[in-house]
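Some notes on the structure that comes next.
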Amino acid sequence: MADSLKKLTEIALAFRTERDWQQFHNPKDVALSMSLEVAELVEIMQWRNGPELLAHLKANREHVGQELSDILGWVLLLAHDLEIDLPAAFQAKMLHNAEKYPVEKAKGVAKKYTEL
Amino acid sequence: MADSLKKLTEIALAFRTERDWQQFHNPKDVALSMSLEVAELVEIMQWRNGPELLAHLKANREHVGQELSDILGWVLLLAHDLEIDLPAAFQAKMLHNAEKYPVEKAKGVAKKYTEL
Amino acid sequence: MADSLKKLTEIALAFRTERDWQQFHNPKDVALSMSLEVAELVEIMQWRNGPELLAHLKANREHVGQELSDILGWVLLLAHDLEIDLPAAFQAKMLHNAEKYPVEKAKGVAKKYTEL
Amino acid sequence: MADSLKKLTEIALAFRTERDWQQFHNPKDVALSMSLEVAELVEIMQWRNGPELLAHLKANREHVGQELSDILGWVLLLAHDLEIDLPAAFQAKMLHNAEKYPVEKAKGVAKKYTEL
């Protein structure tokens, strides 16, 4: 099973090219569409909390996986369209986060870096 | 440069484990956090459109890459926490989308499958 | 203190007209801006739950009120720009919801009307 | 037709009380629900821009009014639940915005106050 961002991006691009949908994919509508998929993910969790939420997510794992996939698809396409090297960007951002949240200050603390 | 979902997930998990943050990462707050990162992406595009938007995104490619990375990070962590095989889910979803949007009906048409 | 949608809309419009900002307020960017303000509201609640969340909201009531006001402002402006009679729409929607969620079926049940 | 925040809040509260739904309305799920309604508003605009978007919104004014009403409903309920005086908060926020965006600096300029 393909597991690289490169390969998954190629799959998403092939799907788009076949349907001639690139013409609609301006960055703003793509970002909007991403936000709509996040809303569909959030909706699965609406009004549920604690153990009930966990059980519901477990029982609906396939649905959750579909929404996560839709979000991922938009992330991959937008990175592609804006010529962003996403694996490199991701690893740079993790290093950046590590500086913003040094282990000795952030360990076990759920605060924004500006409040640490 | 690592490019597999598996490897990028490991990087995100290592970051989290070092800071002992898994305790805060209930699915609802993770999905919320994802939506906040999408909002940061959208904010880059606020009040900009057309060629001005494209130029702005090009000039701020690093910032866009950071927000996309943050979104990706939450997608990877949530998939991990809910034991979802994301590469498999993604490829299944693309097949599902291909059925919902058959090329002969969807080509060049920006409509929801329910309206095709 | 003014309390009518009509009067609050006038206040928002006067603010906008003084700054000559109507030119930027296309519906999509206005809806986007609304979503960004909701994100700011959600951010106040990020990583907090239960009694801790309630205490935090109480302690930050002014901040919450600012975000709710920003959201309300965009709702009022968009209704104005699209010539929607918001008080009438609101009351019609509440009647509509009452039909979708009849008391005898919906009482004490947090389910979508499609699942009742 | 009722037009005051006070009266519209009473309508929303009566609807909720009849259905015994207050038990589900913790602030986080309410804010989430608000974000879901904003997503439904945004979805009406997805893939449409310029004159086509405006024509579509005009043709679907009732639908737009429904989504704006749903958003407004959550704003009113959350303000009520957190004991926020929304008309007062709104007017204070507008004064605050007027300070952040003085006319002489902000007129005709779509920039964040931090960039003015």
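Things worth noting here:
We call the chains A, B, C and D, going by the order they appear; numbering starts again at 1 in every chain.
Here is the rule we go by: a contact is a pair of C-beta atoms (placed from the backbone, for glycine too) under 8 Å apart; a residue touches a chain by one contact, two chains touch by 3 or more.
Keep in mind the model is a prediction, meaning the values are calculated, not measured.
Chains touching both subunit A and subunit B: C, D. Looking at C-D and A-C, the interface holding more C-beta pairs in contact is that of C-D. Centre to centre, using the average C-alpha position, subunit A and subunit C are separated by 26 Å.
One simple way to say how far apart two chains are is to compare their mean CA positions; for subunit C and subunit D this gives 2 Å.
Residue numbers of subunit B whose C-beta contacts span two or more other chains: 24, 26, 28, 32, 35, 39, 42, 45, 47, 49, 110. Listing the residues of subunit A that touch subunit B in their complex gives 1-6, 8, 11-12, 15, 18-21, 23-24, 26-28, 31-32, 34-35, 38-39, 41-42, 45, 49, 53-54, 57-58, 61-62, 64-66, 68-73, 75, 78-79, 82-94, 96-98, 101, 103, 106-108, 110. Of all residues in subunit A, those touching subunit C in their complex are 28, 32, 35, 47, 49, 110. Interface of subunit A with subunit D (complex): residues 24, 26, 29, 32-33, 35-36, 39, 42-43, 45-47, 49.
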